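Below, each structure is written out as structure tokens.
Look for subunit A in each of the two complexes below; its partner is subunit B in the first and subunit C in the second.
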Partner chain A sequence: MSSLHQSWYEAGARERIAALVDAGSFTEYVGPERRETSPHLGIFDLPAQFDDGIVVGAATVDGTPILIAAQEGRFMGGAFGEVHGAKLTGLLRAAKALNRDVVIAFDTGGVRLQEANAGEIAIAEIMRAVTEARIAGVRVVGLIGGRAGCYGGGGLIAGCCSTLIISEQGRISVTGPEVIETNKGVEEFDSRDRALVWRTMGGKHRTLIGGADLFVDDDAAAFRAAMLAALVRPAKAGSVRNASSVPFGRGERPGLDLATLDAEQDRLERRIARFGDAADATDIWRTLGIDDARAIPDMPSAAFATLAAQYRESADDAR
Partner chain B sequence: MTPAEILDSLFPAGHDVTAEGDLLFGRGTSPGGRVVHVIGATARAPIGIDQAIRLSGAVLAIACSDDDAPILFLVDSASQRMSRRDELLGLSEYLAHLAKSLLLAEARGHRTIGLLYGGSAAGAFISTALACDTLVALPGAHPEVMDLASMARVTKLSIDLLEDKAKTTPVFAPGLDNLVSVGGVAEVWDPQRSLADQLATLLAAPRDHDARATLGAERQGRPKAAAIAGEVAAAARR
Partner chain C sequence: MRQWNTRKQMREERIAAGRGFATGKLVDPETLVDFLEAVLRPGDRVCLEGDNQKQADVLAKGLAAMDPARIHDLHMVQSGVVLPEHLDVFDSGIAKRLDFSYSGPQSARIARMLFGGKIELGAIHTYLELFARYFVDLTPQVALIAAVSADRHGNLYTGPNTEDTPTVVEATSFGSGLVIAQVGEIVDTLPRVDIPGDQVHFVLDAGRPFYVEPLFTRDPAAMTETQILTAMLAIKGLYQPYGVRRLNHGIGFNTAAIELLLPTYGEKLGLKGKICTHWALNPHPTLIPAIEAGWVEQVHCFGSEVGMEDYLAARPDIFFTGPDGSLRSNRAFSQTAGLYACDMFIGSTLQIDLAGHSSTITANRIAGFGGAPNMGSDARGRRHPSAPWLQAGAEADPDTAAPLRRGRKLVVQIGETFGEGNAPLFVEKLGALELAEKLDLDLAPIMVYADDTTHIVTEEGIANLLLCRNADEREQAIRGVAGFTEIGRGRDKAMVERLRERKIIQRPEDLGIDPLDANRNMLAARSIKDLMLASGGLYRPPSRFRNW
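Moving on, here comes the complex of A and B:
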């Protein structure tokens, strides 16, 4: 592999897939040569793209077959339209049928508003397909660190994944800063205050409160290493502690069940009880035991990862 | 219809559904003697982390019980609560958890029926009504993805243009008919007829897979989704 650093944030969807999977192993389904474009964007005189902003297919990682999807944040902000969403839904249904793990590289503003109703239903179909695949024992690993972040319905899909890998640049939220400001006023959320956006929705905060599992540098090789680690975790979180070198992608595996969601219920109730009155992320970080909370935003990745490992809320048994 | 009128029509034999703020919890008994669990998000209120965690707790309590009684989810909400606090604490996780709880209850043998009788929008709509196995609506329901002012801000399109397009373009415009045409709402009930009868008919019909894309194709609101999803799934399995 190349030792050159490749920014995940700057990379496109196809570059991300190439960085994650074994060389030459990727097969795309319903690729751009099929020209399955959005049937709706023309209504707004907007240009279509031949892959509708998502690449889906099969590949191997260290020789093991997986299914993989990557959103293209540079086309319509990676938003979910009818075709875009349907490609991911189809991939997830195949994952359940094949009992094969799935990797999703998110890069999305959420529902594509020019085809909002189709996008909204697509999100619901994808969340159902993720959850049904997980109940059947499939791992669904989400990677978040692109330009568009992981907003709106993308954040909801991410919340259904079994493991989330995030970089500092990764942002997860439902309502974006601009929409909060439009509806509730600049006093509630100043969308131009970038530092506020990062510490409220960014990768470091999400890692500290248990909203993401693995924190990585903005480096495609780091995302690959974390993906490999996530794919050997037990599919049913907490079922086999420290189960090292369990082969993945084959065999009978327990999946998401009542114990998983009961544990998540407890985890999320505890979060409100502990942090529900916090006015700012720095208050939460202090409550976690981090004395110099204001140093977190500027802290280099490696130092932050070490600190987070000591103080963060874990979601290992409860997602 | 009000929640009280809906519950009276659904459960003429009685129910014990009570309000907790803008949320509803309880059980009703159908004319045939069947117990139905009821939860609700009412009064056009937004759904934030505090509401979502209460609803998911109720759903999980039902999911772990031995009965296989259906869950009826009454929905008249706003969007997800738009606030700094909700996003700071990870609203995406709370809404996803609520949706997963409904999907797990379904997998454990409970039918989950969403009944949209008022508004709902965006993430609140996705994690409640749209996470049920079947979504029905009453006339006058008014689902939307996002209000046009916010949509204008995000898309950088003018509000005048959006209002103009909304009159003729079902795929993006708010409203019940448009959600029906993309397959998101399975059927619209008749408020003049017994809701108990209409629920009994629905529960009598087997339901084994997500048919929304097929409905959207039949109704011409989503012409491509079913075919594309099917083609990808088939290619992966070859």
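Moving on, here comes the complex of A and C:
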């Protein structure tokens, strides 16, 4: 059973990159041998890591050159610090300059508290770099399914990507469960109720409300297959529906534009109007037309994917 | 002329006093506290049912709400000190003296209260030992118990979490004491009768199920490669050579890893049917893959486990189930099974000293014993032979003629050399000793005594203490698997090498185990969800263990 596939949830950043790209094709930029460690953590007597918790570089997938980044969720919860953020910003600027698609394997709790200002600035710089790359026609594909989820500024960056791939274990949110509970009380959100956390922020829910585009098993090979599919989708779907069936060749990709952003704004307004009163994710799923909403969490991936394809709110027009 | 029925008369008086707050046997929930004050007397010996799993929580709340001016100086004789109310009664003076066995979640507070003199401590027992005393010198005058449901006659259905109830009721009711049960609901017909109504004097409809703690669920996602290595060592270095078929596992991650390695690593070693067939064990979710793969023939349970109910009911060939189909657990019988009918106990601990004594008690935390000392001890009354028991006996005492030689139970301590918070597993002096000095106890609270411990397993290897011939060899055998702890670094290297030649110490490479093979892909399940899938959806994990 589980020993037959490589779990994405359990893999480290380097294992994820190895599982995604063509064997031997990866070249790391600013690798651990450069020892570009955090200038802040030492002040707090915290250990640094030579890659500052993110691996960035160039590789090929099925022979096509891409740029790729993977966060290491096991170092400081994959959180963004100064160096960590600068490596991703640099990679995204290179993507624009080289006109190469980017794949980001998120695994992050957000900004590193110990370097809050630098981290927050990094988030803003990365969002700008993602947007500029996308305007230039570059695809930015996010992969989410690690232990740390994709929280805080990571959730904001994910929202800027052209395609998001997520597994059931993956979580996307800006504010994390503990923070909600601390600020709004346990009656509002019990962060220890893990079923509630996943129902609200997890992969299935995000897929159903259009917060993620492709739903995959917790399997590194499945993430790779979805990534390959995402890399032939148009960088901006525009008016094209069922985009995955219409591969765009290099050079004929329309970039992110105002119309896309307007479409996304419309979609979010519709979402609030439709679901704003829902007290629980299951209410939203019922509104989507899924009768047995409570069965969703336990549903196997394949059955869920079929059901989601029928009922989900698509974000294809917006991304 | 002496009256010979004063106890029964006293019970009749209590029943009469209680009737004022009840309709028949059914206590009015609105007047629970008044009712309790009416049936209790200052100085009573009271068993408030609760162990490491189920809790008579509503009765506990009622007890704590009594007026200490009316009811005080109770002597609590109970398995578990687990809920805050269990200690609140000592703070308020309602209770004074305590005999117990387990206090996991309250371990820090109970330590503070013992130091502060708030509690007069009788003794810390094992479960079986406290049950025994219920029938000798600690018979409760009043027992407050918990059941799933009752009918109008007071018959009780205790369901999968039957646990201590039959033992407590047996001692109290036949010892002329008063039995009061909280139940989740009153029904016309019970699924099965676990406790006959004539042993139950009052019933409280709590309107909701009693509290149960899922204590035996270990999330495979949290299992480390070091724990997997220790599990591989145990399977290949102990289970296989001794051919251990009847056993009990502790609740730690190391033994949970063993359970998850049976269908993978165990299968590869060709051990199916040769080891781990019969168990005294709670229904560990991590045993599901081994059960589904056909490794397990029978399991008797101390209690149940939250979320496992439907799975257990669907596997009656493996588990003990009632006519209604659901599990029947019984802590006293299962502890007896673990003591007399198992050939191995293997569990984790917090501290091991140079003699091999081990303890989970530190100077600031008194977690009690629970059942481990019963499981983890050689039963001197045992008379039936079995291959592992005879082999261990022969290793310990090769000189005595076989017909007169006792066998030995395999008592194994397993763990990483550095445990949680990087605390060393091996210590010069046990925290339990410091505690005994501080509280002026006659006995240090030792979980497993050195003379019962037969093997210690760490990631550095296995120490076989049965083969040691003197205290020096024992000490070096322990130092020899103590890794980079101070105890480990203090080893006599030459002597440790000699012990290795005699197979008193076995390293992973001596057993043909490559530590690099110890990775999570070896686990038959790597997440709680995998366990649920392995059970065919019958296992329903509690919300706190889910990540979907």
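In this text, the second predicted complex is superposed on the first by the 302 of 319 C-alpha atoms of A that agree within 3 Å, B and C clash if a C-alpha of one lies under 4 Å from a C-alpha of the other, contacts with A are read in each partner's own complex, and residues count from 1 in each chain.
Note that in this section contacts are C-beta pairs under 8 Å (C-beta built on N, C-alpha and C of every residue); 3 or more make two chains touch, one makes a residue touch a chain.
Every value quoted in this text rests on a predicted model; they were computed, and no experiment measured them.
Asks: Could you say whether A:Ala58 touches subunit B, subunit C, both of them, or neither, answering first, second, both or neither?
Replies: first
Asks: Contacts for A:Pro297 in the overlay, against subunit B (first) and subunit C (second): which applies, first, second, both or neither?
Replies: Touch partner of A:Pro297: subunit C, not subunit B.
Asks: Once chain A of both complexes is superposed, is A:Glu168 in touch with subunit B (first), subunit C (second), both, or neither?
Replies: Only subunit C is touched by A:Glu168; subunit B is not.
Asks: Looking at A:Gln310 after the superposition, I want to know if it touches subunit B, subunit C, both of them or none. Which is it: first, second, both, neither?
Replies: neither
Asks: Per the contact definition, I'd like the list of subunit A residues that touch subunit C in the complex.
Replies: My answer: residues 1-3, 6-7, 9-10, 168-169, 192-196, 198, 202, 204, 297-298, 300.
Asks: Would you pull the subunit A residues touching subunit B in the complex into a rising list?
Replies: Per the touch definition, subunit A meets subunit B at residues 29-30, 36, 39-40, 43-44, 56, 58, 67, 82-83, 85-87, 89-91, 93-95, 97-98, 109, 111, 113-125, 127-129, 131-132, 135, 152-153, 155-160, 172-176, 178-180, 182-184, 188-189, 200-201, 205-206, 209, 211, 256-258, 261-262, 264-265, 268-269, 271-272, 275-276, 278, 280-281, 284.
Asks: Mind pulling up the subunit B residues that touch subunit A in the complex?
Replies: 49-50, 53, 56-57, 60, 63-64, 79-80, 82-97, 99-101, 103-104, 107-108, 122-123, 125-127, 130-131, 145-147, 149-151, 153-155, 157, 165, 169-173, 178-179, 181-184, 210, 212-213, 216, 221-233, 235-237
Asks: For a test of understanding, state which residues of subunit C touch subunit A in their complex under the given definition.
Replies: Checking each residue of subunit C against subunit A gives 221, 264, 289, 520-527, 530, 532-534, 537, 543-548.
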